[in-house]
Amino acid sequence: MKVPLPSPSGVSLEDLARLVGGEVQGNCPDLLFGVSSLGQAGKGQITFLTSPKYLPDLETTRASAVIVGRPVPPSAKPLLITANPYLAYARIAQFFSPPSVHPSGISPLARVGADCRIGEGVSIYPFVYLGDGVEVEKGVVLLPGVYVGDSVRIGEDSIVYPNVSLLFGTVIGKRVIIHSGSVIGSDGFGFAQEGMNQVKIPQTGLVQIDDDCEIGANNTIDRASLGRTWLKKGVKTDNQVHVGHNVEVGEHTLLIAQVGISGSVTIGKGVILAGQVGVIDHLSIGDEARVTGKSGVIQSIPAKAVVSGYPAMPHKTFLRSSALFQRLPELAKRIQTLENRILGLEAQLKKEKEDHGNES
Amino acid sequence: MKVPLPSPSGVSLEDLARLVGGEVQGNCPDLLFGVSSLGQAGKGQITFLTSPKYLPDLETTRASAVIVGRPVPPSAKPLLITANPYLAYARIAQFFSPPSVHPSGISPLARVGADCRIGEGVSIYPFVYLGDGVEVEKGVVLLPGVYVGDSVRIGEDSIVYPNVSLLFGTVIGKRVIIHSGSVIGSDGFGFAQEGMNQVKIPQTGLVQIDDDCEIGANNTIDRASLGRTWLKKGVKTDNQVHVGHNVEVGEHTLLIAQVGISGSVTIGKGVILAGQVGVIDHLSIGDEARVTGKSGVIQSIPAKAVVSGYPAMPHKTFLRSSALFQRLPELAKRIQTLENRILGLEAQLKKEKEDHGNES
Amino acid sequence: MKVPLPSPSGVSLEDLARLVGGEVQGNCPDLLFGVSSLGQAGKGQITFLTSPKYLPDLETTRASAVIVGRPVPPSAKPLLITANPYLAYARIAQFFSPPSVHPSGISPLARVGADCRIGEGVSIYPFVYLGDGVEVEKGVVLLPGVYVGDSVRIGEDSIVYPNVSLLFGTVIGKRVIIHSGSVIGSDGFGFAQEGMNQVKIPQTGLVQIDDDCEIGANNTIDRASLGRTWLKKGVKTDNQVHVGHNVEVGEHTLLIAQVGISGSVTIGKGVILAGQVGVIDHLSIGDEARVTGKSGVIQSIPAKAVVSGYPAMPHKTFLRSSALFQRLPELAKRIQTLENRILGLEAQLKKEKEDHGNES
């Protein structure tokens, strides 16, 4: 299969179909130069339809072509038909997305410590600090204000955005992306109580982040007290995620914004923790489990479970109970009414009995 | 109207009354040099009373004068009477607050890229990085450790505090304040699922922050996947606020600390989202709506609505249902009692019927 | 009491027992060089048992010795017996933990302002910015990218990790640890409303952090509007904690990850606010109170109280009500059933009465 290359002269819809393994319907005379949304796309752009609710926009979009799924919606537009239009959109957007260009080399305004091993084609920007014994593999980009502590290792083609701190001994895999302001390898929160006073437990472990992970902005991922805090291959975290010491996160798990995970939690692979979820310490969350937004997890969750609420419960229970929560005033009133009615019945029966007694 | 200027020799209470459009009651012989709180103010300072609960402090304060609202509280102190004492306090505090002084010019320890346009009277501190094609209008202050990516534009008199990251293409209006550690223009969290694997959607849009916005410390405001993430004029965010990609926030809306807003949410003007609120993606929140602290918004909210809880519901419903939540054990017991009583009645009736049958 | 010193040739179990005031059981021929976990420890390491649930691991660990509490578990291993094994572990881990070594002096790549007073043995790393009139006492370590505003004071032996911002006038005590990315002294969130518009209240107070505090990564601690925001001796905060303006936090209080505290809250000593707790403004929380994770505090809490939920209620009430929340569908059904049964009874009685009437 011949894979097209982006070209200033544009590519054909057929080229894009070949790129994503899709099929063309209609004739698209325009060459394509980029992607855009249904509402904003113009001539020379391809757009995508991932939800039936945007069907009306399919008629009005000025895009030259549209990526759609099956069943194929009726349309006069040239269509690129594929099983997973959002995935095709991602591939095509990546195809058109210009690769970031970073000047290769080490800025004279950066500071590199002793015994560092720096690979080929690395970009080390001004105001980057590298401690001693740092290993930076080929193609790595370290943007301004990045702090790289002693003995840190960063795998090839990883990019670390501005003002990130990678503390002592952190191990970063290949093709990892770390967004601005994140802190990797800060001390775990560990103290032994001695009366009112706290005695600090030295945090002497490290953080390991495997290949193809992406860490959002302003995350905090604590080093282990002993051993390692470990994000496995392909984990993606959104912004402001907190990961405590000794946590393990399985392959391709997603941690959405503002999630907080306490120490020593073990999370399986393919899990999704939605925004603002909290997990208390030492729990385990099974593979492909889902925790909906804002939930508080206080006991371990089996694989593939879907839980919600605080404390987290099966999602269906949560839906039913939440609906009834809003009806609590009505339920309380119905209880009150029942009490009155039963009081009435009891009185009536008592009276009848008395009457009956009188009768006898 | 002659507006007073702060003076080392102090200003009179009458001057301050003129400044804020208020009225003086009593005679204040002291000249005034600054503001302070009721408890801490001394001679030469003016203080303010915004809540009746601090009325007792009005007698004991050592302030030279007090800003009050109507009805005017009984007091022997010189008073500055105004419709909105908190607003008057703000104006007077601003009046006394010394303007920050920043050395004008570009530090030799800063790094400025190619093709930048730098306005008059700009302060660029050490360890500031400016990429290529950056535009910085007059009077802008960039404090140490600020990262300004390629093609960023910053409008006049804006101030960016230390260690802020403004990624590629970010557009900042005039008189904008961005507090330390915030990240503007990090990639939105967008992936297409391909089996277990995630394929990154390139985030090629940008962030636009309009005039007079103030962004708290350690915020994260993601760039749009396509188009822009947009904070309109006068939006104020508290600390640790997260704003997802393609979100729009209307004029003068307030986002309190640790609020998280998922992608493609549209928020109207004059809205208040209180602390730790979460909003799921693609919703709209109408003008002047209020969401109380910790609420989870999972469906769109009409203008002027007040909602609470998770899932968010009308605030009054939440108050009633929350009160009953705490009484659930009692309600459950009442149901149990009803069941016992009804069982008693049923047994009694059955017996009577049998007796009756026997009688017949 | 002779206190042992760490030695490359190792120390005896008896030495460690003396260090922590414990007692040895069994004979430990190995010299000890460090600590590790039950599962990972090897020869020459000491480990610890703090929970009976790890008792089975006691038989299989390859550690040379184990710290245990009373009652002493049956074991063939050499044991170090102590009243508080976790505390003994902390002390022994500190004993073995190599002190961080920082080069003394001021990096030529740092920038030091006018009228600064810098103590003996200070380490000021590259890309550190010190404003004017800064006071840094002896033994302080300022890692790369730290911003120290004008008039900031930092007490002896404090360490400030990379990319921390200490804004104007901040006062830091002795032996304070501030982890990466934290912002101390950002403006409090204070505005007076003027119609739709907000008028900024100048935040002219400061932040004071007393001796032996530890501040986690990516915290935000706002300066007071007037007066000070004050963390007293020994306060520990986890990551991503937000502390609003004019908050006071008492001695040795713990604020766990992602806690948010609104302005003017007063917190006593020895308090624990668990992860993701939120507290609204102007409340007080009494000494040694506990707030469990994710709770929302909307009224003041007395000393030693334990509260949970949103709005926060006594923890026992929360447990009972939460259990019933999940049973709401069943309760609603029972109410429905009661209504049907009472309807049946009422009908039956009515009929009997009619029959009775007919009979008479």
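Every chain is named by a letter (A, B and C) in the order it is written, and numbering of its residues begins at 1.
Keep in mind that, in the parts below, contacts are C-beta pairs under 8 Å (C-beta built on N, C-alpha and C of every residue); 3 or more make two chains touch, one makes a residue touch a chain.
Keep in mind that this is a model prediction, so the values were computed, not measured.
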Touch-based graph of the chains, sorted into line, ring, star, complete or other: complete
Classification of the chain A:chain C interface as same or different, half of numbers criterion: different
Euclidean distance of C-alpha centroids - chain A vs chain C, Å: 25
For chain B, residues that touch 2 or more chains besides their own: 127, 145, 163, 181, 218, 240, 258, 276, 325, 327, 331, 335, 338, 342, 345, 349
List of chain C residues in touch with chain A within their complex: 35-37, 40, 84, 86-87, 89-91, 93-94, 97, 107, 109, 125-127, 143-145, 161-163, 177, 179-181, 214, 216-218, 234, 236, 238-240, 251-252, 254, 256-258, 269-270, 275-276, 293-294, 309, 322, 325-329, 331-332, 335, 338-339, 342, 345-346, 349, 353
Interfacial residue positions of chain A with respect to chain C in the complex: 111, 127, 129, 145, 147, 149, 163, 165, 167, 181-183, 186-187, 189, 191-194, 196-202, 204, 218, 220, 222, 226-227, 240, 242, 244, 258, 260, 262, 276, 278, 280, 296, 298, 310-311, 313, 317, 320-321, 324-325, 327, 331, 334-335, 338, 341-342, 345, 348-349, 352
